[in-house]
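Common to both upcoming complexes is subunit A, partnered first by subunit B, then by subunit C.
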Partner chain A sequence: MKGLRPGRPATPFKLRTRLVLAFLLVAVVSAGTTATLTFREARNSVLRTAQDTAVSSFREQVQQIGVGLPVEDADALSEVLRDIARKGKPHTWIVFAEYGTLRASSGTSPTSTVITPELRRKTVGYPHGSFERVVKDGVPYLTIGMPTVFKVGVGGVLSTGLVLYAVMRMDQEQTQVDALITAARDGAVPGLAIALLPALLAARSVLRPVRELRRAARSMGSGRFDTRIPVRGSDELADLARTFNESAGEIERSVDELQRAEARARRFAADVSHELRTPLAGMLAVTEVLDEDAGRLDPDTAQAVRLISAETGKLAVLVDDLLEISRFDARAAELNTDEVDAAETIAKTLQNRRWTDQVRTELPAGIRARLDPRRFDIVVANLVGNALRHGGVGVTVRLRTRDREDGTGLLVMEVADRGPGIRPEALPHIFDRFYKAEAARTRSTGSGLGLAITQENVRLHGGTIHAANAPREHAGDPAAATGAVFTVEIPLNAGEEPA
Partner chain B sequence: MTRPGRHTRAATPFLPGAVLLSALLLTGCDIQSTDAIDAGDPATIQVFPSREDRTLLFFRSGGALMPIARPSAYETMPDLSNPSNPSDRPTTDAATAGTKTLVALLAGPLPAERAVGLSDGLPDLPDLPDLPGEGGRDRSPRVELTKDARTLATLPFALSSLDDLAVRQVICTVAFARDAEGGEPVVLRGTDGTLGPAGCDADIDLGVRPRPALRPDADSS
Partner chain C sequence: MPRVLLIEDDPAVREGVELGLRRRGHEVRTAATGEAGLAALGEFRPDLLLLDLMLPGVNGVQVCRQVRENSQLPIIMLTARGDDFDVVVGLEAGADDYIVKPARTEVIEARIRAVLRRIDEPGNGRPAVEFHGELAIDRTGLTVTKSGQRLALAPSEMRLLLHLSAAPEQVFSRQQLLEHVWEHSYHGDARLVDACVRRLRNKIESEPGNPRYIQTLRGFGYRFGPL
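And now, the complex of A and B:
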């Protein structure tokens, strides 16, 4: 759960950013498209108006003139052209004329550099007026070509061969178009700014349920199954919240049921153990008496009596161990720590069990640790008893300290024997309840719970226990090459850490 | 590590849109140039001298038919029977006027007309005969009306030596001498046969069009 944290702060931003960007994109596209289309329409209208005005007024002006054919006098023609140019609409024109090889204009040069061959070809070869917009050196020009005709007879017309051209700068139209661009931009940009507001609101309305959902999911993860989300509205997010609530309810019911079942099972085991103890106590008292009197019975009966006595003892141990385990399962086990000398504690345990003679010890004095003496006694007794039972002679108990990576001091106790060791495939299960490392041990004196109880006690101290086979260099003589080693590591200040 | 990557991925869908939009905004802000676009009828202007007082001759310039308006008075002055109105001239007079106009066409442009780039595009005649009288020599250029009221122009050279524009020059000149609208069909007779009849098509102003339906016909005398 903690591993997820680094990615978390980016999440709301990402969704919000995406929503805002999407809104802005829509706004940009719509505002931009509208502005562009409007602008284009307006620009075309400006240009069309200017062009239409220019073409029709040019035709009108040209129709005022009269010429003799052939047109011979370039000066007189220029005078006529200047007259037309002055009346140019919407702006003044420069007017050019072509007749045969004659060239005349209202300006200084008799020919124009702006009029394209295309327009000239079209105007000369075709009985219609034409215009062409030309951009030369960044300046837009409107060029108009106007062939002239004269009337012959009724309705007939004949080309005179005289062609007039008008060239008009479109600076003013360019200015108007620029103004249109500015207007379009000024209209579109505030639109984008306004679009930010609904974007943020929408992002908020989406993000709030998502945030609530996240909080609820985390709360569920930490074990509070009664977490519910307020359902608002009837949209997809509300559906999601409703589904979450339903699922949470299901999980809560299932977990409750499981917990109840487990509790029932544990209570049953505890109850059974407890109920067995009372009759067992009576039986134990009886078998003691029978044991004492066994000598006076005939041999067969004596053997049966002793068997009953031994099995009853085992049963009592088993029931005690079961009770102990059920206390661990019910989390009823408590740690009553005291600062003790570890070496002294271990020595006392061995002495109480009368194992001092059979066990070699390496117990450096002066290692102080906070331990629960009773539970540590159980750990030592179980491990040493186990070693004595399965490993035979040469059981060694070593005590030392070492520092963990984070600097905590550890109390390390090793119980080694010189027996056949533990089969590798049995190693992972050695601490399981009722697990027998060897089929031959089924009839051994252990309850099958000893190592499990040991492990629970070590864990209660915040420590670890593991089993291994002894390395070869351990212990001087080659005969003792194998053997099991149980290593217990318990923090020196175990009692100060809340278990 | 993942965050920058996701950012770029989230940003990519917006890039094409932005590029498209800016491209849309940037293009066509300025005034663009266009093709040459039709813009209505040509301008109808006055031509001097006015319709009644002029004779139209058709010369050429740069491959185009160029009408020339000469004062009729100048042409008709030597003629004794001068009609005041061409439309009610007698047929003989119309033919005479046509003959004179044809002779003027064959004589070529005047120096002032040549100065502005006009030419006739017709064969030069070594000795242009004087105005022929009634029943003149066969080879002299003349215009006459046939019995079925067709206009016949006789030319002193082979028609096959003329290009399309030259044929139209002659037809139009003769047709407009016959009447004001030049609508009457004209038959040409050269030394090598006849052409026509064909009209001038006054409304079709420019001589770049090939003549319609004219074939040399070598059987006439």
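And now, the complex of A and C:
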């Protein structure tokens, strides 16, 4: 298992991105807020200073002017206005005057385009004057309106009807504010860039333990239970690593225990079979003597002797099968392959067991396969023997080839019978050891390991075996029993598969 | 009836096999250890040695090697299935065949007969002595010489050579050779054939690694020649 499994994106990068983004967000928000607040304060103080200076100096100027009322001479008024304009603070301004329908200014045009009706309205009603910031064509202006008044008694004033307006360009202040924005930006952006560094470092310090944990978990999953994670520091991730290590230790101990128990059980089965074999070898060698002489004994003794002889034979088969199974369990079973003609191999199995007349065959010649002839013989013999015992007549062995999805050539052998078939609830267990498909079926049919050994032999060839009930060929014909079908598929070149 | 020497350490197996074979008319001598068996060889002069591989002291493989040093006595090993490594070592040491225990007497006897079976007389006008390259094969006298020097071939080696050379250039699969030379089933252990071919090549080939007489056809089997 190398590389990333399909369908699963590389999660660590996601987490890293999220951590970095969170860091940057915090940095942006804090830098942005700080800059914005600072900027606003600075800007306001810049503007307010300019405004206050302008408004108070204008008020002063306006109070000092001496204009004869009612004003009739626009030129004289203009002269006064120009005088005020010269004294503009903090910058020069243009002064406009409005008196009834009379309009005058210190500039070239008698009326201004930046004074809004709003200012006019406010100015008339407010003797201390009003001001307004106006931006026109991208240029910021400060406009101040100031009515001239008479003092009437203590604190009372009366408007004269002459209203003066000052219009001051605020370029300089704007430049200062722009400088402030630039300063804020120049301070915040490198700050953000610098924030990226701790963000990456923090992400790394979180991600490394996570990555180690993932690697370790995967390693455990693939059966290496001695996997441990180095514990660094004392944070939550270190706690997690410690917990992982403790759990891994527990699992390792349990698995070890289980494996030892299983190995003991298997070794015991193998040892028992092995030990049984030696006495059996002596007994089996003399069963013939018993069989031959049984006829000369009195009936009871003869029956006992024949029973012993027959059961000794069965015991020998059982012990042989048990040993075979224990070799599969210990993975000690070897595949001694040879290239053979598949049809010939099957035909020889049937011929050696004198089944040729009882079995219908469809064995196309010329299929060459690399397999272990002894093991394949066991597979064929077990399946055909099983079919003959349970299915009775009508046993058919079919041979063909097909290509697996990955292009591997497969040898396909089907053993079908016309017996009662396999009960559906028995199907999943049919290859289990000592499983009896029918309660009534006695031990006499075999060791109970035949199909289990068959399956192991097929697997050893890198193949599969499948049991099923054949579909009813003639619906409505009760004589056409379903019958069982065993299908064996093994690679044509089983021996050349990489181990 | 053939005289059989049985070397087997387990008393039950020894007695059982002895009894079974004697009932079928064989003259049987038994020995419980390799040493005793080797000692009995000269005096009993058996036609065949039935040899358990797992013996205390001098084990079966060592007995086999010692016998082969100066004798072409037919040797059949008694072994337990699964002792695969021992089988190969025993075959390399010069055993002609092996029997997996436990075995019925009829199986043991069939193997004995197969190993002892007299190789068919040449017949249909074949010359008694055939020459193939440097080899001279005498089918009647059952001797093989290479450049005039007589070769000591074990029974299985002799039978294999006679079988292959009877039909030069014809390819025999290992299964066919198992059936015809060893009288095993088609599905028998092909390592018997391979081990015998190796031993035979060591005796008749000038370069066993680059054989001239017994050639391998990968995936099909063996053939004699072409020279």
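In this section, the second predicted complex is superposed on the first by the 357 of 499 C-alpha atoms of A that agree within 3 Å, B and C clash if a C-alpha of one lies under 4 Å from a C-alpha of the other, contacts with A are read in each partner's own complex, and residues count from 1 in each chain.
Here is the rule we use: contacts are C-beta pairs under 8 Å (C-beta built on N, C-alpha and C of every residue); 3 or more make two chains touch, one makes a residue touch a chain.
The structure displayed is predicted, hence computed values, not measured ones.
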| item | value |
| --- | --- |
| Subunit B or subunit C, by number of subunit A residues touched | B |
| Touching partner for A:Arg277 - first (subunit B), second (subunit C), both, neither | second |
| Touched partner set for A:Met146, first subunit B, second subunit C, both or neither | first |
| Which of subunit B and subunit C A:Arg59 touches, first, second, both or neither | first |
| Which of subunit B and subunit C A:Asp321 touches, first, second, both or neither | neither |
| Which superposed partner A:Tyr99 touches (first subunit B, second subunit C, both, neither) | first |
| Touching partner for A:Val177 - first (subunit B), second (subunit C), both, neither | first |
| Which superposed partner A:Asp417 touches (first subunit B, second subunit C, both, neither) | neither |
| Footprint overlap on subunit A, comparing subunit B with subunit C | none |
| Contact footprint of subunit A on subunit C as seen in their complex | 10-17, 19-20, 23, 80-82, 84, 101-106, 108, 173-175, 185-191, 219-220 |
| Touch list for subunit A against partner subunit B, complex | 7, 10, 14, 17-18, 21, 25, 28-29, 32-33, 35-36, 40, 43, 47, 51, 55-56, 59, 62-63, 65-72, 99-102, 116, 118-119, 122-135, 140, 144-154, 156-162, 164, 170, 173-174, 177, 181 |
| Subunit B residues within the subunit A interface of the complex | 2-3, 6, 10-11, 14, 17-18, 21, 24-25, 28-49, 51, 56, 61-62, 64-69, 109, 112-113, 115-118, 176, 179-183, 202-206, 208 |
| Subunit C partner contacts - residues on subunit A that touch it in the complex | 274, 277-289, 292, 313, 316, 319-320, 323-324, 327, 332, 334, 336, 338-340, 344-345, 348-349, 352, 368, 370, 373-374, 376-377 |
